[in-house]
Every structure is written in structure tokens, then in C-alpha cells.
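The same subunit A turns up in both complexes below, where it pairs with subunit B and then with subunit C.
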Partner chain A sequence: MLLSSLKLLLLTPIYAAAISSDSFHESLTLHPLPDGKLSVLFEFTTYFTAANPSSQIPQSHHSLTPPSLLLPLQQNNVSELTISFVAGRWDQSRSSESGPLHHESGGGGGEVRGWLRDDMDGRKSSSERWKSVTHALGGLFCAGLGPNDAGENVMTFGEIYPSVKGDRANLTHYLLAHPHHHLCTENLTPFLSLLPSKGLSGLSSLLAQPGIIFSWGFKTEGIEVIMPSSDQPQGRWKGWWEGVVDLVPERGTAKRDFSTEQLFKRHLPRVFPEAESSVIRVIKPQVGGGHLRLEPTGRSKEQWVDGELREVIEWDLLAETASLSGKYIRATWEIESEFKYPRIFAKPPITISRTIINPLASDGTLQIKITNNGADAREALYSEIWPWWVKGWMSEINVQIEGKGDKPELLSDIEFHPSTPPKVSTTTLHLSLTLPQRSTIILTIPFTKLTLKYTEHRPDAERGVEIPSGVLTLLDVAVQSEPKQTEAKEQSRSDAANSGRRRIYTDRILLDVPTPDFSMPYNVIIMSSTVMAVFFGLMHGGLTRMWGWVEVPKQAGINSQPQLTESEVVDEKDGLESL
Partner chain B sequence: MLSRLRRKPSGPPPDPKCANYTAEHVALAKTIARRRRILDVVWRHVPLLRAFMVIVGILWLLALPFEGLWKRTYVDEHALQPAQVTMYFDWADVHNADVYLDEVEKIANSTFQDTANSTYAHVTTPRSAGTETILLSANWASRDGGPNLRGIAMLLAFGDFLRGQNHWAFDFVLVVGEDYMSGLEDFIREYHSLLPGVIWTGLNIDYPGHSFSHLGLFYEGVNGRLPNQDVVNTVAHVARHAGGVLPRYHDIPDEHIELKGIPYTPSWLGNYLLAAKHLLHHCAFTALGRATGAHGVLARHRIDSVTLYCTPATGPHGFHTLGRTLESTLRSFNNLLERLHASYFFYLLPRVNWFIPVGHYLPAAVLLGASLTIGGFDCPKPLEGLTLISPAFLPVLAAFIRIGLPELEVLLPTLTATLLPLSLPIPTGDAKKSLESLTLLLYGALIPTLAMVNFPQAILLAFTALLYLTPPKSARVLILALSQPVLVISVLRGRGIKLQEEWSEVGNLAWPGMIVVWLPLCVIAGRLAR
Partner chain C sequence: MALDRLRKAVQSYPNVLETGAVLRLALFAVPALTNVLQSRPELSTPLTSFRSLKEGVYIYERGTNPYQGGIFYHSPVYLFFFTYIFPISSNILSGCVWTLIDVASAWSLVRLWRTRKPVAHKGRDGLVAALYLFNPYTLLSCLARSTTSLDNAVTLLSISFAASGQATLSLLFLATAAHSSLYPLLILPPLIMLMRKWKQTNPSSHDAASIFTLVATFITFFVMLAGLNWALVGSSWLRRTWGVITNVTDLTPNVGMWWYFFMETFEHFRTFFLGVFQLHNMIYVAPVCMRLSDDPLFAILVLVGIYSTWKSYPTLGDMALWAGLLGCFPEIVSNLRHPLFTLTVHLYTSILLPLLHSLWLLTGTGNANFFYAATMVYGLNASLAIVDVMGAGMRLGVKRSVGEWSQQGTGLMEGEAGAESKALDRLWEEKGWSVVQFTRQLS
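The block that comes next holds the complex of A and B.
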């Protein structure tokens, strides 16, 4: 018996390796933006299977997958999990895009969200398991990702981040937003260590240069893990890193030609031996894409990218190792001697902005402007997450179309989950909206800031507090991935609903909090309060009491003597007159 | 209250030699008797005490320009680290500014109009999250009255310069306001519906001349609100050490003042006069709640900012110095993780590199206010006094309803200050005494409170109240006649100070303050002087 189980243990890796169908794919996508910038996206995808889900003995076998990432997920019965970090700000007005190329990257700051399977044994509640998995991954990513209190978890965003597997039975959705978080070098190193190529070979070696990539503008990093389950034995984990580079030099000739060598200060690396595919893509820009000349010549194909049919040039590093490895890909703009900054940019289908109007110490009004530039009305859901001390006035929500007055009928439904203030909790709000074509909808939500406890202020109390990005979820998008060539020619090259971008995020916002000055004046406040209290006592005593001599009348049997006493002013009339 | 304390005891004090008393009784009886004697003396000499407080208060004010009451300036917020950065603004940027200047001159010659509006640019720096913003502005009109072309050229060149630098953590808004102040005010009112970034600090550029010799810092905001002193100190430090130009406060040369007519002015006197000049310039603006520059309109919106005024001269400084000063200052602002706070908002600046902390100047106002308050303690009939004092505030009600109307500016003060004191019955005896006491108490309480927010304004109010309420009757009539509201308003208008317009445009509270505080005082003083 003992021997047989030992044999099983010894042989399991060999069996597992034999049935393993793990595969690793990597890609680098370059997307020139109209304002002379370039969006650079790395994607690393690993498909893996559960070691042996039917076995009674817990096993773990990893060839391409990182155990440090998958074990906590497995242990805590996580079905799907996404972590996203965003630094900087995506400029919708100048990039002609509603958001970054990678659609899973969340709003500003750090964000972790996922689906947890209900534990059949019921040993640990799902929120406990969520806490331990977020803390474990927070430790892995060198970022405080876990909740300080269970009340910080947001549970009402399941509709917005639906399960990739599709089945919601026995699943609970969790979301934690950390809008104050910044993506930095500390988060890159663990990310690279999760990859099978470890940033040493393949495309990841281009990424493993924090000095270069962290000098870029907007940046986002994240992972998305879909764990295998009994009915779907194949899992997937995907890591992405995206940055925006300004191509036009500040001084000298304003040209936006670029090459991979110029971007990464390196030649194209050799292919990572375990990679099943390794691809570099350039998405040709909408405006003037015909003048973009690429060397060496790649394979051209048409592809739907965020609602537009775009020409994409591809180089397969596996097939063309000889011609690409150690060399570089270069892009030059023909007939453009100098880049002229455009005065007008093509608008993305939807743009969204959020500001706080009428900012006072105690109150404010959120103003959300959503512009639908497309030709069709869109159905959407707008969602907000607020800390408990932001108290929105739901009855005062106003919806109007810019220049056309109030249109309350555009707001069809409000789903409001208020916080429960004595406990740490969050308020969430989901507004079902119709976005009419070619118009801007203005949503105003007045709110009051409740008083924070002394212990709830941040160390830098005078900074204010970041409020997570608002999320606009488009309900009508669906990806029809491969275009039919014949159809594409007949139809228009743009169809806003044919896009993988389900969500568009607003900027974060910094909300001023009425803050007592915690530094020097504390002693001043204490001191002056003491002085005032003493002064009040003095005045009160002076007005209500007086020292004097009271003759105590002689009584028989008592040896009376005059008493020096402190007597209350008894004569009310006398007191008034003397005032 | 004093009358209460003064009240005589009902019987004679007991004989201390009586055998029934313990030593403790005797000691206590002595204390009580001594306290009574002191209070009696004080009570008998209240007018003297009041005069004494006024004299000490005035002497204190006169002592403010002496170095003994000053402190050396320092930068309190360590994150600012002024003048500690490598600057990248160079001659290529200066050339850029010159090119812009040519263009701006072309525009200015054709379409320089006086409309309240503004143009702005939002500079999104590569790595900022858009949550915090720094404001940089240059308005078409300079404080000299001419066009501020170089200021605008500097602003535009600086916008170019900011591009591609990835060490900025803040976004920038560059604002070119029409006019001197109103354009920027319009912009800042609109700002929150345009952009999400919170603005903590700002700089306003005023560069009217061809070149400049000194950098003048104008810091007073509307309603006497001052920027955090760290902003002033940072700019002054950066100008001196990074820009290489000597800073000034306002446009006052930082040199000893030589008295004319005397062959030799001792250095202490020169220093004293120089500091007095600084303080008087400061008071001239803040006593009426007026801002010294366009930065002043930002103060109301919790933005700490100053105006950099480039004193016109034939040299030696130009765009290069100004650009480097701006860059280095903004880099300091860029270091901030939170709003400047540290209670560094109350100060007087007697000279460059020196300041008078709040504790060193506030007692002057408190003494003047206390002198009024003590005079009001003897109030024989408070209720009657209250009925007498309330009609003086009738015009406030009238003004509150129609405060925006232009005709009120002259009509209401004139009618109130002349007709009301004459038409109301003359109080006599205890009633008059009560009216006077209540007025003294009211204004005595107002002065130290105001002094915390706007010290020069509190001093102005203190002197007005003292002169209206304390001198002999004939003198009071003369003073009242000389300071008739209509007279004062027309004198102010003659000097180009339009308080009512400032109230509606930039929210200067001096105008409502005049109606709510000064007019009732005129009415009451008029009644008491009859």
C-alpha cells in the first residue's frame, strides 16, 4: 500500500508531463497614435491544464506556469482573477482611442477583481479566501492589494466583469479598487519572474529594461488568470504590459519614424525556445497609414480593432528567426519630412470625462460627461465606487443633453448600494443609460462628504483622497473576431459595436477632504482650548458667585460664630439689576 | 460686569482681632479686601486704562518695522527643496519665447480688446495621473497698464518647454486671461467643470518691460488672504539662487531709505523707514481687501500663488532668468504630495528674507479692540440699548435686498449716514450710555476676530471705531463730517478704487463690509455726537 502510493508520487510528474498540453504564446503590438505617440503592448499567454483534477492526492506540476501565482488561486478555490495596474492617464481626446489597446486594464491605480467558487466543504467563507488570495498576490506583486477591512470589497460588479467561462452558478464576484496605487519598477520584476522566459529571452527580454520602459508615459500592467475546473480542464493565464512612447523628439527635426532598436535600445532577441508563437504586429494608423513604410516586409492582414477594420502587419519570429533575430524592424513615414501636430483628431466612438463642480469643503457635485460620437444610440451602464464617507444624493441626480436641456428618460434604472457607515464599507452605484447618437450626455450627482474619524485620515491628510475611476460598460458590444473578407468590403470599415472593449474608464479624481491640520496647531488648539476653559470658569464664577461675610443668626444651644463662606447669588432680582 | 464686581458688601467687614476667627479666615478676608481695593482702583481708572491700551497698541504698531520683532524666513515644507534641481530651460527656449513674442506683438497690435474672457491650455505631462494640476498664468494687461506681451510669450514658450519632460508629476494649465484680473477670475470659476485636476499652487507672470532688473513678488490676495508663506519664500529663494535675480516684495527697492534734508540718515532709521514702507504698501491693499495682482483671485479658491512682476529696466535679466526661475519654482511645487498647510498663512513681510510671525503683530489689534471692549462693560440698561442700536442696521437690510444695484453705491451711504442719525430720537442718560456701551462691546469683539483674518483691515476698523466713539464731542462731529461715506467713496473712486465693482467681479468683501459694519457705526456715532 505504502509502496504503491510512493510509486504513484514518484511517477506522477512523468505522467503529468506526458499529458501536459501547456503552451506559451507571446506578442508585441505597436500602434502609432495620431499625436505622434506610439502605444506598445506586450502580451504573454500561457495555456495550461489542471495537473490531474480527478486524483485524490493534491498534486501540482508546473512546466511553464508559475506555481507562486497558481497555487494561491488553487488553494483558495478561485475561478478567475484579474489584477491591473495603471499609471498616468490615457488621453482620449488625442489618441482617438477610448482607452489602451489592452481591454482588460482597469481604471487608474491598482485593481484586483475575480470570481470565487463557493467552497463545498464550507471551511472558509469566500470573503476569507478572497482576503488570503489578494494578500498573497499583493505580496507577490509588492503592492498592497488586499483589503484592510472586509467592507472594502465591492461585490456588485459581477455584471460589469462577467465570468469568461460564462457560468455564474456557485460563483461570487469580488472587486477591490486601489486608486492611489502607482505602477512602478517593484511591480515589473515580479511580473517578469512569473513568465516562463523570465525576461531573459524572447520578447520579454525587451520588456526587462525598467530604465527604458518606465520613462514612457501612460503605463498599464496586469495579469488575467482563468483556472481550470472539472468541466473545463484547460486554464489560461495572460500577462500584459502596455506603455505609450512619445516618438517626436523635443528638440531637432520633428520626425516620428521609429524602429524597435530605437525603442528598446536592443536588437530583436532570439526566440524563446518554449514559445509556440512569437509575433510582432504593427497596427497601421487610420489617418495616413498608407504612408507608413515598414522594413522588413511583414505579412499584412485585415483585422477588427476596437470597432474599426484595420490593416495589421505581422512578423512571425518563429518562422523568420533568421531574418529578424539580431536585427530590427523599422517604420518610416514617407512624404512626411516633419511631423505636424494635428489640429483636429478623429474622435473615438465614446469619450467620457468626470470632474467635480462646485467643490466646497463639505459638498460637491460629480459631473460626468459622456459623448457618443457614433451614428447609433448605445445602451450603457455607468458605475461608480465611493468610500463610505461620500454620500451621494440619489434623488438629485440630473441627466441632460448638452445644449438640449434635461432628458430624465435617458436614465432608465438606478441600482444603488449605499454604505453602512459605522462599519468600513463602500457605496456602489450603477446607472442604466441610453447614449443618444452624436451628443453629449451630462450626468450630475451631488454629494456630501461625511466627517472622517481621526484614525481614518491618510498619513498625508492634506492631499485628499483618490476616488476610483467611473466605469462605463457598453452593453451592446460583441466581438466577431474574424471578418469575412467579402462582407468587409461591402460593409463599412467601422462598426462601433464590433469591439472587445466593453468598458471605458474615467480618470481618477482627487477629492479634497475637510482636514484638521494635524501638524503644529494641535498644541495651539489644545492650549487655546485650555485658556478658554479657564477663562470661562473665571467669568462664570465672577458672574454667579461672590465672596462675602454672612452672619449666621444665633440659635439657642449652638455656639454660633460668623462664617466666612462662599455664597451663591440668591437674589435673582438683585442680580439682574446689577447687570 | 464691573458694576457687579463693584457692588459694595452688605455689612462692615468683621473685626479680624475677634477671637472667633482662625488665621485662615483672616488671610482670606485680607485677600478679599485686597482684591476689592484693586478692582475699585481699576474701576475708577477705566478711561485711563483705555487710553493706556490704545497708546500701547499704537506703540506696538510703530514698533513693527523694528528688527526685534522679525524672524528670518525659512521654507517650512521640506518637500519643496527650493533651487535644488538641475534646470533644463536654456537659450533655445529663450529663442522660442522671442519667436512667440513676435507673433504675440502682431496680434496685440490688431485685436487688443478689453473683454472678460480667457484662453487656456491643458498640458498633460507624460507621467502625471491628471489628479493634480499647477496653474501658470499671464494676463493681457500688466499692472503698469500696458500689455503684458512678454509675459504671454514666456508662458507660451514654457508650454513648449514642458513637452516631453517626464519628471513632472502634475498637469499644468496655462491661462492667458483678458484684462488684468477678470479673465483669470472667469477661468477659475469655470475650471472645475472643464478639468478634474485639483490645483494647489499657481504662478502669475507680469513682464511688461523690455528687460528687468528685479523680480517683484506680489502676494496679497482678495480679502487680505495670503498664500502660504512657503510659496513666497520658495519663489524668493529660487529667484536669488537659481535664477540669479534679486527678489523684491512689491516693487520696493530693498535699500535703506535716505531722508532728504538731513545730511546723514543712520542705518537703523533707514531700515526702519524701509520696513515701514513695505508694511504701508501691504496695508494700502489689504486694508480694503484688495488683491495686488491677478494671483489674488486664486486665493479664494484655495490656490497658493504669487505674481512675479519683472521690474522694467534696461537690464540685465530677460527670458532666460525668468524661465529658469519659473522652472525651478515649479519643480519645487512639483515635489508636493499634499497641499501646503502647516499654518503658515498669517504673516507680515517687512523686508525680503524677513517676516513678522502672527504672535508678534496680533497683540496690537487685540489691545486696540480690548480698549473698546472695556469701555463697554458699564451698560446700565442693556435691553433699552438693544432697541436703540438696532435701527442703525436698517440700511443693511435695504442693501441686502438690492446690493447689486449701481445707484446704491452713492445713494444708500449718503442717505443712511446723514438722514438716519438726524431723524432718529436723541437718546439721553442711561439709554445713551447703554447705546454707547453696546456699540463698544460689538466693535470691540469684531476687531480682534477680524485681525486674525485681515490684520490691516482690523487696524483700520479699530482706528475708525476709536475716533468715532471716544474723543470729545466737538472733535467727533468734525471727524464724522470729514469721513462722510459719500466723501470717502468719491475719494476712493478718484484714486481708481471701485469697491462695488471689485465685490461683484472678484468677491472683495470690503464693499459689503462697509455697508454692514461701517455705515451702522456712522449712524450710531452720529446719534451719540448730537
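The block that comes next holds the complex of A and C.
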């Protein structure tokens, strides 16, 4: 008996390894941008299978997956979860791209969103489980990700972040935006520790250099977890890290050639032994991509990247370990002795910007400019999340085409979920828009900042409060990354709808809040009460005291006493009888 | 010459109403002016602002209940009125409606004045209307399309119908006013006294007027309106209209004494101070009604003044209602101690309020204390004015009692109102008499 159970114990991991399809894939994508910058994207994907609930050895499937990440998700019945941190500003006009390479990275600051399965036992409500899972992961990522109040949760964004599994039955969507959050080293270390390679080998060792990668401009980090379910035993979790490196110094002239060694101050590492694939890619730029020479030569293929058919060069580290490990990949621009900053940039299919016009301390108007540079009209949904004290005026929303005047027909629907002040809550707004081809639409939304109590202001009240990014969701995109072999040549090299980028984000925006004088509570209580007391006292006197009349003789001087006799005292009401 | 012509014009009140209406319509034709006025916190609070009303109607028309979220605090009565009866989206139509509302207020003031002085009314009709229609507070509230104007009109109609003995109409209007802004409930007792006084002087009337019937009628109207609201939007409006008035959950600055207090006060004292502030409005009802029982209309004047100043979301339009009523009491005005002071401080605050508001909330250079200081001056001045008016009423009462007693006043009482008080003043001047408030309590 004992022997057999020991045998089982010893053999189970072997069986598990044999039947499981756990696998780990990593990739590094380099994408030169037209303004002399380079977008660098690390992606680490792990596929894992469901734990067998009857298994005697718990979490045997965690050979490649981190229990600290998956346990809270499992316990709280989470179906899908995405955490995204964004620091810095993505420049849509100069990068010729609507957003970073990784499409799941969210708006400015921190953001956590996901789908929760309904609890069949009904022990805990979904909002309680959401609270506990966000707090657990917030602790994991050294970032306050949980809600301070249940009212901060946004539940109307299910359409915008649809479930990857496609089935929405028994699922509830939650989103929590933390626009004030900043991505920093503290969020990188836990990220690396979640990876099976722990930042020690494989491509992750290039990432595990906070001194280097945090000097880059725009940065985004995040994870996306899809938990296995009864009908879909395979789960996936994916981590990404993307940064934008400035290759050309601000002053003086230089070339924009780059190499992995120059970027990471390291040779290419040896492959992580558990990795099933380990790939480095360079996406050739649209403009002058033919002049980019790469050494050593890699495999070239054509791929759809964000609505454009692009040439991508790939190196498989697994297959070419001998030739690549300890070396580096170099990119040089032929016929370019020095980088000249372009005067005109190719335009991304859609650009969006959000600013505040007519800014007053208590009011303002959000102005959202959306440009469709494509040849086709697009259908889109524009969404906003506001804290409860931002009150938008729905009846005053205006849509116009730049230079052509009002076009209210472009706004086909408004879905408005108002907050419930003064409780902590959020307002969400979804506007269904048509973006006509080759034009800019200007959306204006007037708003008022409601007055906060002095205890409701954030500690640094004078600085203001960040408002989450606006999201433009394109409703007509379809992912089709591989070019159709048959008609690849005839097909146009650009098709805006053929893109994995469903969402384009605006910047977050800083709203200053009119503040009271925080030192005044006692003074206000005392002064207001004094005015009230003065009034009460005078009224009380007037109503309860006796009114009468006195005779002051005409010749009497100022100093002489008025002659007052008791008989002359009369009260208006009952004094007459006594006279 | 011009002054004479003006005096003549003022004497006929239809002329005054016409001029007031034309002036309003002309000013409504300047959208730049009305747009600026609509956003002034002195003229409209979130509970009375036209912008909120428009937003609420917009949301309601799209099939959503505006009371479920956001900030819509208007009474459902107004929501339905402006959704189904007068579509609010039309600027011309709403301009006409607000003009009409003010004309109706002035008309009811004239009616009130006539019932008050049945014999000698001719000379002052126009003046009473003009004092209301051309009061800048009234005019600006109207141009800002604040629903305060509407509340005022309904309240004035109620008072004037009560004074002429039309109890049912009066109570219906009072129920509407109370539904909208709650505080007019406070004038129900003096209003009933007014109706009963009318009954005593006109015993031939068939109108039932026992206190019980009157109160029951009022409750019936009030419950009917609530039922109507309930049928249309459920119970959601309760917390968003009366709930906000009583709990002061919206702290948007206004001219009152509440917003900064409840913005700054400590959370655990909030309920206590809410009680104190609300009770402060209510405690005056009984003593004022008892002491001024011989003139219920005067009691109404004092109570309207108190709640216009001390209600949770006051506007300058509320003060206009009080000032309009005061126009019906020329003998009180002539007995005021410091009318000039009151008037100049009103002028001073009308400069101070917008100035300090813009420093804090528009340019963002000042802080809340600036605007708070201005509202304190305004509140103190309004309070002192009420005390002054009440004192003037007391002094007048003493003078009249003495006049009756000394038999000198007989014959004068039948004369014109202005003449009566002038004669009385002359008599007191000759005798060297003056009214004083003693320190002795009433026994």
C-alpha cells in the first residue's frame, strides 16, 4: 500500500509532463520608427493545462507557470484577466503608428480588467472576488491595483474588451483604471519572477536590466491570463514589455544604426532550455525599409502588421544557437551617412487626441479629435471613464467635421451610465461614431467638476487628478495576420481593417480640482454659526420682548433724560387695557 | 416732466406688465447675455438651473430615468411640464414661458395688494408690479431661466389666492411649490390663518374653511402630486429632489450659508449640523405665527424672508420673492430703521459675489474663502433686513394701537394708505413720541 502510493508519487510528475502540453515561447520584436526611434517588444507566452481537481499532488501543472499568479485567479473563479501599465506618451503622428506594437496594452497609467465566472455556489459575489483578486495581484505587482471603493469598478466595458473565448454566458466584465499609476522598477522585478526563465536566461536576461530599460521613453508592461475551463483545458498566460528607445541623440547628428549589443549592453544570451521557441524579429520600416541591412541574415517573410503588409526578418535562436548566442544582431542603414529628421511622416490609419478647451477652475470642455486617414469610412465606439465628480452634459455633446461644420448624424448613439454622486462611483460614456474617410471629426463634451468635501480631496490636492484615457474601439477590424498566398501579390499592401489593433487610446488627462481652504473647518463652523446666532438672537428678542412708546419732550437736549412714565409704556397687544 | 410721465405710467399696472414683458423678450433675444447668466451660481443652483433641467429632459426623452444617476434634482412636476407641455429645447418658447411666469407673479402681487388694501389701491398697483418686475434679482433670474422664478410664481399665486379666499386653488399651488422646493411648506400655517381671516371678514362665503378641511385639502393635493410622480418615475425622485434639499449632498457653491459649512465640517458632526440648520428654518414658524397672528400676510412675509435666506440652496431669485412681497407693505417700508444700509450692502454683495466667484472658480487664482466671505456678507445683510422688517412691523403695530387709543387716528384709518401712515408719522413727530423695544419680556 505504502509502496504503491510512493510509486504514484514518484511517477505522477513524469506522467504529468508526458501528457501536459505546457510550453513556453519567447520573442523579441524590434521595430524602427520613422522619427529615429526604435520600438522594442518582449513577449513571453506560456500555455498550460488545467489542474486536475482530483490530483493528490496539488499544482503539479505549475512547472512552467507561477502559482502566485494563477492561484488567486483560480480561487476567485477568474476566466480572463489583463493587467497593463503604461508610462510615457505614445506619439501617434511621429511614430506613424496609432499605438504601441502590443495591442493589449491599455490607456495611460495602470489598468486591470477581466472576466469573472459566476460562482455557482454563490458564496461570494463577483465584486467581492474581483476585489480580492485585484488586491492579490496588486500586492504581487507592488502596485495598488485593487479598488478603494466598489464604486470605482467599471462594468460597462465588456463590449470593448470582449472575452477571448468568445462565450459571454455566466461571465461578468470588470475594469479598474488607475490613471495615476506610474510604471517603475518595482513593477519589473515581480514581472520577471513570474517568468519561467526568471530573467536569468533566454531573452528575459536582456530585459532584466532596469538601469537600461527604464531609461527608455515610452514603456508598457503587462500580463494577459486566460484561465483553463472545463470545456477548454488549455490556458495561456502572456507577459509583455515594450519600450521606445531613442537611437539618435537630441543634439548633434548621428546615424540611427543599432545592434542588440548597443541596446542591451550584452551579447545575445543562450536559449532558455525550456523554451519551445525563441525568436528575434525586425519589422522593416515602411519608408526606406529596403535600405535597412541586417547582419547576420535572417529569414524574411511578409506579414500583416496593423493594417499594413510588412517585411519581417526573423532569427530563430533555437535553431541558430551556435551562430547567434554570444553574438549580436546589427542593423545598418545603407546610403544614409547621418539621420535626417523627416519633415513629413506617414500617417497612421487613425489618430486620436484629447484636450480640454475653455478650461475654467470649475468647468471645461473635452475636445476629442479623431482623424481617419484611410480611404474608407469606419465605424467606431468612443468611450470615456470619469470619476463621480466629473459631470458631463449629454445634451450639449457636439460632433463636427473639421472645416465643414456640425455633423450630428455622425453620432448615432449615446450610451450613458451616470455616476451616483456623492457616492464614489464612475460615469461611463460610449459614443457610437462614424468616422468619414480622410477627415477629422471633432467631438466636444462639456463638463462640470462637482464640488468635493475637504476630506474627499487627494493628499496632493493642488496638483489635480488624472482622468483615464479615452478609448476608441474600431468595430470593423479583423485579424488576418498571414497574407493570402494566392493573391498576395495582387492584393493592396495596406488594408486598415486587417489589423489586430481594435483599440486606440488617448492620453490620460490631468484635471485640477477647485480646492477649499483646508485649514478652515473650525473657522467656517464658528463664523457661520455666529451669523446664525446673531439672527436667532435678534429674532428672539424681537418676538419675545415688549414693544412700547416713550415721549421725548421737544425742548429736551441730547443729554437730558427722556421722560418716561409707567403709564406710557404700552404693549401693542394687551397694554391698552392697562391704560 | 419725465418723472411725471413715469409716475403716470407706473399708476396703470397693465402698462407695467407690458413693459416688463417686452423688456424680457428683448433681452432673451441676446443669447450671449442669457448664456452668461445661466451659468451664474448666484442665480441658479443645481436644483434650479436651466442647464440641469435641459439635461434631465434630454435624458428622459431618450428613455432613461434621469433620477437614477448623475445630477438631476428638479422636481418631476417640472420634468413632465417641460417634456410634455412646453418642449424646453426651443429657446424662443422657453423665453416666452419665463416671461409669462414673471408677468403672472407680478399680476398675483397686484391681486394681493388689492385684497390687502381694498379701498385705496389705484395709485400703487403699477408700483407693486414694477417693484417686482424691474427688481434686478427678478429680472436676472428670469433671464437665467432659473426655476426659482417658477417657484416664486407658484408661491405668489398661492398667497394671492389665499388672500382672496380661494382656498382650493391656493392650496394646490402651495402643494406644487412645496413639491418643487420643499421650503414653502413652512408658510402653510400662516396661509391657513390668512384664509380663515378672510372667512371671518366675508362670512357670506360658502367656501369651507375649517382648519381641518384646509389641512386635509393640502395633504390630498400633496399626496396626489407625489402619486403622479410615483406613477411616472417610481420612487427614484425622492432621494434626488427632497433628499438633496434635506441632506445637502451637492455642495456646489451658492449664495447660502450651507455649502462651505458642509464642505468643511467634520464627517461625524454632519448629521448633527444638518439637523441644526434644518431646524433653524423651522423654529420660527410657530412664534412668528403666534406673535403676528393679527396680520397673517405679514407673518408670511417674515417667514418667506427667513427661508429665502436660510434654505439649503438659496438663490438671489428667492430674495426677489421676498422683495416683491415687501412691495405690498409700504407702511412697513416707511418704518424701517436701516433701509439704506440694506440696499447698499445688497449693491456691494452684487459686485462682490461675481468677482470673488470668478477669482476662485473661473480663473482659479483665489480659494473658497473669498466666495464664502461674500456669501457671509450677503447672508448677514439679508438676516438683518428680516429683523428690521419684523421690527418695523412691531413699531407700526404700536403706533396703530396708540393711534386708536388716543382717538386721533380715527378718520385717518379710512383714508389712503400712504396718507394714513404719513399722518400717523406727523402726529408722532409733533408729540415727540417714539417706539422702543423694552428689555422686559412679554408676560
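In the analysis below, the second predicted complex is superposed on the first by the 485 of 579 C-alpha atoms of A that agree within 3 Å, B and C clash if a C-alpha of one lies under 4 Å from a C-alpha of the other, contacts with A are read in each partner's own complex, and residues count from 1 in each chain.
Going forward, contacts are C-beta pairs under 8 Å (C-beta built on N, C-alpha and C of every residue); 3 or more make two chains touch, one makes a residue touch a chain.
None of these values were measured; they are calculated from a predicted model.
Engineer: Output check: A:Ile525 vs subunit B and subunit C. Expected answer is one of first, second, both, neither. What do you get?
Structural biologist: In the superposed model, A:Ile525 contacts subunit C only, not subunit B.
Engineer: Of the two partner chains, subunit B (first) and subunit C (second), which one does A:Leu543 touch, if any: first, second, both, or neither?
Structural biologist: A:Leu543 contacts both subunit B and subunit C.
Engineer: Now for A:Ser325: first (subunit B), second (subunit C), both, or neither, which partner does it touch?
Structural biologist: In the superposed model, A:Ser325 contacts neither subunit B nor subunit C.
Engineer: Considering only the touch criterion stated at the top, classify A:Ile509 as touching first (subunit B), second (subunit C), both, or neither.
Structural biologist: So A:Ile509 only meets subunit B here.
Engineer: Is A:Ile357 in contact with subunit B, with subunit C, with both, or with neither (first, second, both, neither)?
Structural biologist: first
Engineer: Tell me the contact category for A:Pro553 with respect to subunit B and subunit C: first, second, both or neither.
Structural biologist: Only subunit C is touched by A:Pro553; subunit B is not.
Engineer: Identify the overlap between the subunit B-contacting and the subunit C-contacting residues of subunit A.
Structural biologist: Of subunit A, residues 512, 515, 517, 520-521, 524, 542-543, 546-549, 551, 579 contact subunit B in one complex and subunit C in the other.
Engineer: Okay, in this complex, where on subunit A does subunit C touch?
Structural biologist: Contacts found on subunit A: 360-363, 391, 393-396, 414, 416-422, 425, 427, 450-455, 512, 514-517, 520-521, 524-525, 527-528, 531-532, 534-536, 538-539, 541-554, 569-573, 575-576, 579.
Engineer: Show which residues of subunit C lie in contact with subunit A when the two form their complex.
Structural biologist: 39, 51, 54-55, 57-59, 62, 64, 68-71, 249-253, 257, 259-267, 273, 277, 280, 284, 287-288, 291, 306, 310, 360-364, 367-369, 372, 376, 379-380, 383-384, 386-387, 390-391, 394-395, 397-402, 404-405, 431-442
Engineer: Which subunit B residues qualify as touching subunit A in the complex?
Structural biologist: Counting only subunit B, the residues touching subunit A are 1, 3-5, 7, 9-11, 13-14, 18, 20-21, 25, 28-29, 32, 92, 124, 126-132, 163-166, 192-198, 337-343, 379, 382.
Engineer: If we count contacts the way the header does, which residues on subunit A are in touch with subunit B in the complex?
Structural biologist: 87-89, 91, 108, 182, 215-218, 244, 246, 248-251, 353-359, 367, 460-464, 466, 507-510, 512, 515, 517, 519-521, 524, 542-543, 546-549, 551, 561-562, 564, 578-579
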